[in-house]
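Sending over a structure as structure tokens; questions will come in a sec.
Chain lettering (A, B, C, D and E) follows the sequence in which the chains are written, and residue indices restart at 1 in each chain.
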Amino acid sequence: MRSRYFTALAVAVLLGSGMLVFAKPPAGSGSITGKVTYTGTPPKMKPIDMSKEPSCAKQHATPVLTENVATGPGNALQWVVVYISAGDQGSTAPSQAVRYDQKGCQYLPHVLPMQVDQGLQIYNDDQTSHNIHPLSKINAEWNKSQPPGSPAIDTKYDKPEFIPVKCNIHPWMHGYFIVLNTSHYAVSGEDGSFDIKGLPPGKYTVTAWQEQYPAQSQEVTISGSEAKTANFVFKVLPY
Amino acid sequence: MESDTSSRMKSYVGIWIGLICIAGIEVFLTYRNFPVHELLAFLLVLAFIEAGIALMYFMHLKYERPSLFWSLIPTVLFVLLMMNQIWPDAYRLAKLKLLIQ
Amino acid sequence: MSESEMALSAGQSGHGAFMEPSPYGIQSKKLTMWLFIISDAVTFGAILMVFSYLRAGTPNWNAPFRFSPSIINGMVMTFVLLTSSLTMLGAVEAAKAGRKAASLKWLGGTVLLGTLFAVLHIREWFHMFDEGWRLFQNPTGGPVIFGAAFFSITGLHLMHVISGVIALIVIAIGYSTDWLDANHVETTGLYWHFVDLVWMFVFPLVYLMNASR
Amino acid sequence: MGKLFAAVVFVITLISVAIFVMHTWWLPIDISTTGPAVDRQMNDTMIGTGILFLAGQLVLGVFVWGSSSRKSGRKIRIFPGGATPLVTAAIILVGLEILTLTFVGSKAWGAIYLTPPAANSLRVDVQAEQFAFYFRYPGPDGQFGGLHPDKIDDGSGNYFGLDPANDIAARDDIVVGSLVVPVNRPVELTLHSKDVGHSFYVRELRVQQDFVPGLDIPLHFTATQTGKFEIVCTQLCGLGHYNMKAYLEVMPEDQWEQWLKSQAGQ
Amino acid sequence: MHETSEHAVHQHAPPTSFIRKHIFSLDHKVIGKQYYGLALLAVFIGMVLSWLMRIHLAWPTWPIPGLDKLSAVGAPAGVMTPEYYLSLMTMHGTIMVFFVLTNAPFAAFGNYFLPIQIGAEDMAFPRFNMMSFWTTFTAFLVMIAAFFVTDGPPISGWTAYAPLSAVGKDAGPGLAMGQNLWAISIAIFCIGSLLGALNFIATTLDLRTKGMSLSRMPYSTWAWFVTAVISLLAFAVLLPACILLILDRTAGTSFFIPSGLVLSDRLQPHAGGSVLLWQHLFWFFGHPEVYIAILPSIGIVCHILPVFARKPLLGPRATIGCMIAIGFLSYMVWGHHMFVSGMNPFSANLFSVPTLIITIPATILTLLLIGTVYGAKMRFTTPALFCLGFISVFISGGISGFFLAQPSLDTYLHATYFVVAHFHFVMAVASIFGVFAATYFWFPKMYGRMMSDTLGKWHFWLTFIGVYCIFMPMHYLGLAGNVRRYSAFVDDYLIALIPVHKFITIAALATGAAQLIFLFNLIWSRFRGPIAPDNPWEGTSLEWSTTSPPPFDNFGGRHMVVYQGPNEYGVEGTANDYVMQTSPEKIVTG
């Protein structure tokens, strides 16, 4: 009964979003690409001991590492959110909800950007109860447990905020909800690269946010459908 | 009856003066630089004397049947005495307090 | 059993011939007040224990009360409260002797002194607020728990004083209109003396033990 | 009806006692030096109270059976000697049992909680939090770094609140999620709690001790057998209480040293 | 100067308006029934909560139909979340301990029968009496309100250990508003209980009718009196503890919160408190509370058993002495709840010895009850069966006290199901058996109609066997180290024990269902039961000297005069085999 309901909902959401795509083509075709790197010695990411939750521990052949300063080859810095912090004209939230997974006692993805009022669906894919506690200060704070097999939590945020998320049952589970006023954002990948697309011409402030180090901003002006480059370098410390 | 009352009032005034004196002694002792434990002991003894006087005379316990005294006071003292079993723990609290650097 | 006791136990039940005599020879109301007092004594005992326990468990306790104004104010308050006990005794004695007008005067005095105590106390509180004291704040840099304990203990005592004052006013009005009798005055007197008795512990433990020397 | 009552009481009593005697569900193996005394105490108490239990229930059943006799003209009978023998018996028998249990039992208790740890103990810090245990070894320098609650950050794995940037002793501290100890060596734990009350309970060690927030609670034990055992939390600590556990691994000394080295390298 | 003093009791006429008669009534009998009704409501809520918990423990993934209606957050699609399990557990404990075990045997039956048993027309202070009920009722409403706040009821257990209960929402769901409501409710409950206790003591001491000396008081009256004294002093400690807890939660003080706590990644702005302080204050109340729950039932059983054994209770003076001794000792032993709590280990021995000493008066009481059964001409009515069941259950529960009183064994058994078994047997089941016995025994007096004995016996057998099936296996679980307050069993050694939990759950559901027989019997007999005579059980105490139900002033204007003790059963050479307390005939003791 319930699953049919969800299927119907999913179909409706897909159709709706498809129509939106057709109805509203991207307002611009400019883009900003770049790479986020670091200088200095990054702290060593620690292996997470999941032995207290065997059902999760056995999903990982080698221990998962903490992700607060995730680095890649070539001094790349992962999980940095790059977004337009000023200059964007604003747009309504897409009807497509973002998905957040709890799998193997990890938050996937570690950092989840979304737009204000955009739907957020949180799934528990594990055979254990999870507790999801976004530590918001501006938005209303909530704290809910999700036993295995219970329906997805469906919610949204109505004010922009950088919200740390923690699982109250598994203390190592940490992630971030990045609620933004803009639809133009990207998260740096393992190689540190990011790509913000669909920008109409204009003068923008591009900000790169990393969970542990101070955020950085750059001014970028886009005229026409050009592709600009903006690189960010974070100074990291070993401790 | 009338003279009885006034003679009692006279004794009450005497007790009142006595209580004020005890309070004065307490303040005096406070500034005599005793170690904290000794001061506490002195003050507690004086406070119990004061309370005893107030109980017996002001609250007329002396003039009631002794059974009332023996029903009430030992009960309260017993319960308060039992509560003192928390002390070993308070000192442990001081000893094991998490040292936050 | 003496005659007066007989009369007492008869008085307390209305038809003593059908009742067992009360074991203490006092009115039920007075007995209940005594019971309430021992119960309340345990309450105050517990809360003073809490304070002392925390104090014993806090290694770097600093005594924040200076002689002037805190201790002096405490002394004045002690004096006021003790005196109010004396006036209360006057009221009870006069009421027992049937001198209603005198008793009411004494009661009035007690109410005034009780109010004065409350005013002095609240004034002290405001003074401390100005200095930066809060339930969770200690401006002298000592343990914050002192503020919490001080305001809770004295607050509980102040609550007793204020309800005592209200009770005295009600009793005085009732007594003057013959709705209540001398026994009510006596019972309320017991309560008032108890409030005084509690202060005899609060003053040394909370004020004097925390006088900066 | 009385006979039925007696019969039901007999059946219940016998089944209950039988399951106790058969040890169908019983204490697990004992791997601690202080454990045997606890086990002995448990057995003594079990036998003493078992006799009381059996006697109490059976005598109740027998008396009820007797009291239900419908013989006409039967007179009531007062218990021989009245209350005095019963009161005396209770005071003497129970009193004796209490005295014995107290004297013997306080030794078992003292061995765990009132004796200081041995000088050559392995020192391990335990941090309990909602809802996991973390264990800290001093590392090669043999020194623990200081604890700073404001530095605690689960996201970066800093469960203890170490400050390696300013505190050199903290840099080589080994923080792991399992308690790994060498066999037959005294272990001295210091229990910290980050947030609320928790408890350290290893059935096989016969040891249970609460974590008290704000206090460093000492606890020591010596494991005598190798193996992997569960550490569970027994003090209600919040929603994940049921899921708060860790493992105690007891290893031969050489294996343990290797393990420690491998951890220090990480 | 004395003629003006009086009690309102003797002047007020029977009220006529519905509100004064049934709701804001000053009549102790109505107030007693109100307490009973409240306890009945509470016990069914508490029982349903225990069902939900048991089902979840045995089959954690089963969706429970309708549970998502009660709390969509706590039980999404009917599957209980861990925090909702703890919420239900907290509410089960709190409701059962405070609103059932304190109310039913003590406040309900005490209110109804204490004045009648001593020959008084009402309590000493009827207005206080009414106030204490409505205060308790308010406390109940506040407690129930916790079900309906956003995060649900608190999850800190009925003991509300700080700092879990003190720091607020960062500690978990239910610890914001839910815990506030809990603390406020308990504080209100304390006030209600204190008022009640004052009234009970004053009534017992001052309103005894002619000839009713203290030594002639029935055992139930003695038990209520001793209980009142215990609660007068015990609740006086819980009240400030609750106030301090409320201050910690709302005003930012830190009595129970030390510095440097990090919850939900937030450094808490508290410093200087002590966690153990709450435990000390709570258990200083909490242990006497156990006796507040059980003593009235002991008294009731001591009162009822001789009626059906048709012989006097063995050792009347020893019985009363034991009750007083238990009351006295109850203040010396609270630390046995805290052996492994981080308390100074030296104190453990200090608390252990008096705890073990308490077993002496308890054993004496049990032996005297068993000795009373010896050679009796037992009439096996339902109340008699419940009394016998009480003895059996009390033995079973008391025995495990020997284990838990010893710190050395407590290191293993603390916080396991062994403890759950112990206190459910000795405090909950035994006390409830007393309440059942009292209900079947006094129902004819309260409502003028007999309860069905057949249904009563079915109820007894199912309950008696049921409770053994529920709680006896918990001892085995405890010995295997099964930790209590777990919402699911995920540890390797606990998974192996789940079949036992399934057995217990089935037994609990069945036993709970058997209570519906009782409920049906209660309601049916209220309207359809055969009319009861004034003294259906041939009892001696004063309640049997008046009509069923008693008139407004209990004795219809008569003043009872007491000539006998309450214990005159099996007396030879009299017309019946018993002598009423009001009967002036001389008893020839042979």
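What we mean here is this: a contact is a pair of C-beta atoms (placed from the backbone, for glycine too) under 8 Å apart; a residue touches a chain by one contact, two chains touch by 3 or more.
Every value quoted in this text rests on a predicted model; they were computed, and no experiment measured them.
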item: Any chain that touches chain E and chain D; value: A, B
item: Steps needed, at minimum, to go from chain A to chain C via contacts; value: 2
item: Reaching chain D from chain C through chains that touch each other, fewest steps; value: 2
item: Leading chain pair when contacts are tallied as C-beta pairs; value: D-E
item: Most remote chain, CA-based centroid, reference being chain A; value: B
item: Separation of mean Cα positions, chain E and chain C [Å, integer]; value: 34
item: Chain centre separation (chain B, chain D; CA means) in Å; value: 43
item: Where chain B and chain C are represented by their mean Cα positions, the distance between them in whole Å; value: 14
item: Inter-centroid spacing, chain E versus chain A (mean Cα positions, whole Å); value: 54
item: Where chain D touches two or more other chains at once, by residue number; value: 129-130, 149, 153-155, 214-215, 217, 238-240, 243, 245
item: Junction residues of chain B - those touching two or more other chains; value: 75, 79, 83, 86, 89-93, 97-98, 100
item: Residues of chain E touching at least two other chains; value: 81-83, 172-173, 233, 237, 258-260, 265, 273-274, 276-277, 280, 284, 346, 488, 490
item: Which pairs of chains touch, using the document's own definition; value: A-D, A-E, B-C, B-D, B-E, C-E, D-E
item: Contact footprint of chain B on chain E as seen in their complex; value: 229, 233, 237, 258-260, 274, 276-277, 280, 284, 328, 331-332, 335, 343-344, 346-347, 350-351
item: In the complex, chain A residues that touch chain E; value: 2, 128-129, 131, 133, 135, 141, 143-151, 164, 166, 168-169
item: Chain E partner contacts - residues on chain D that touch it in the complex; value: 1-2, 5, 8-9, 12, 16, 19-20, 24-28, 37-38, 41-42, 45, 48-49, 52-53, 56-57, 59-60, 63-64, 66-68, 74-79, 82-84, 86-87, 89-91, 94-95, 97-98, 101-102, 105-109, 112-114, 129-130, 149-150, 152-155, 161, 194-197, 199, 201, 203, 206-215, 217, 230, 232-243, 245
item: Residue ranges of chain C touching chain B (in the complex, touch as defined); value: 5, 23-26, 34, 38, 41-42, 45-46, 49, 52-54, 56-59, 67, 71, 75, 78-79, 82-83, 85-86, 89-90, 93-94, 96-97, 190, 193-194, 196-197, 200-201, 203-205, 208-209, 211, 213
item: Residues on chain B engaged by chain E in the complex (per definition of touch); value: 75, 78-79, 82-83, 85-86, 88-93, 98, 100
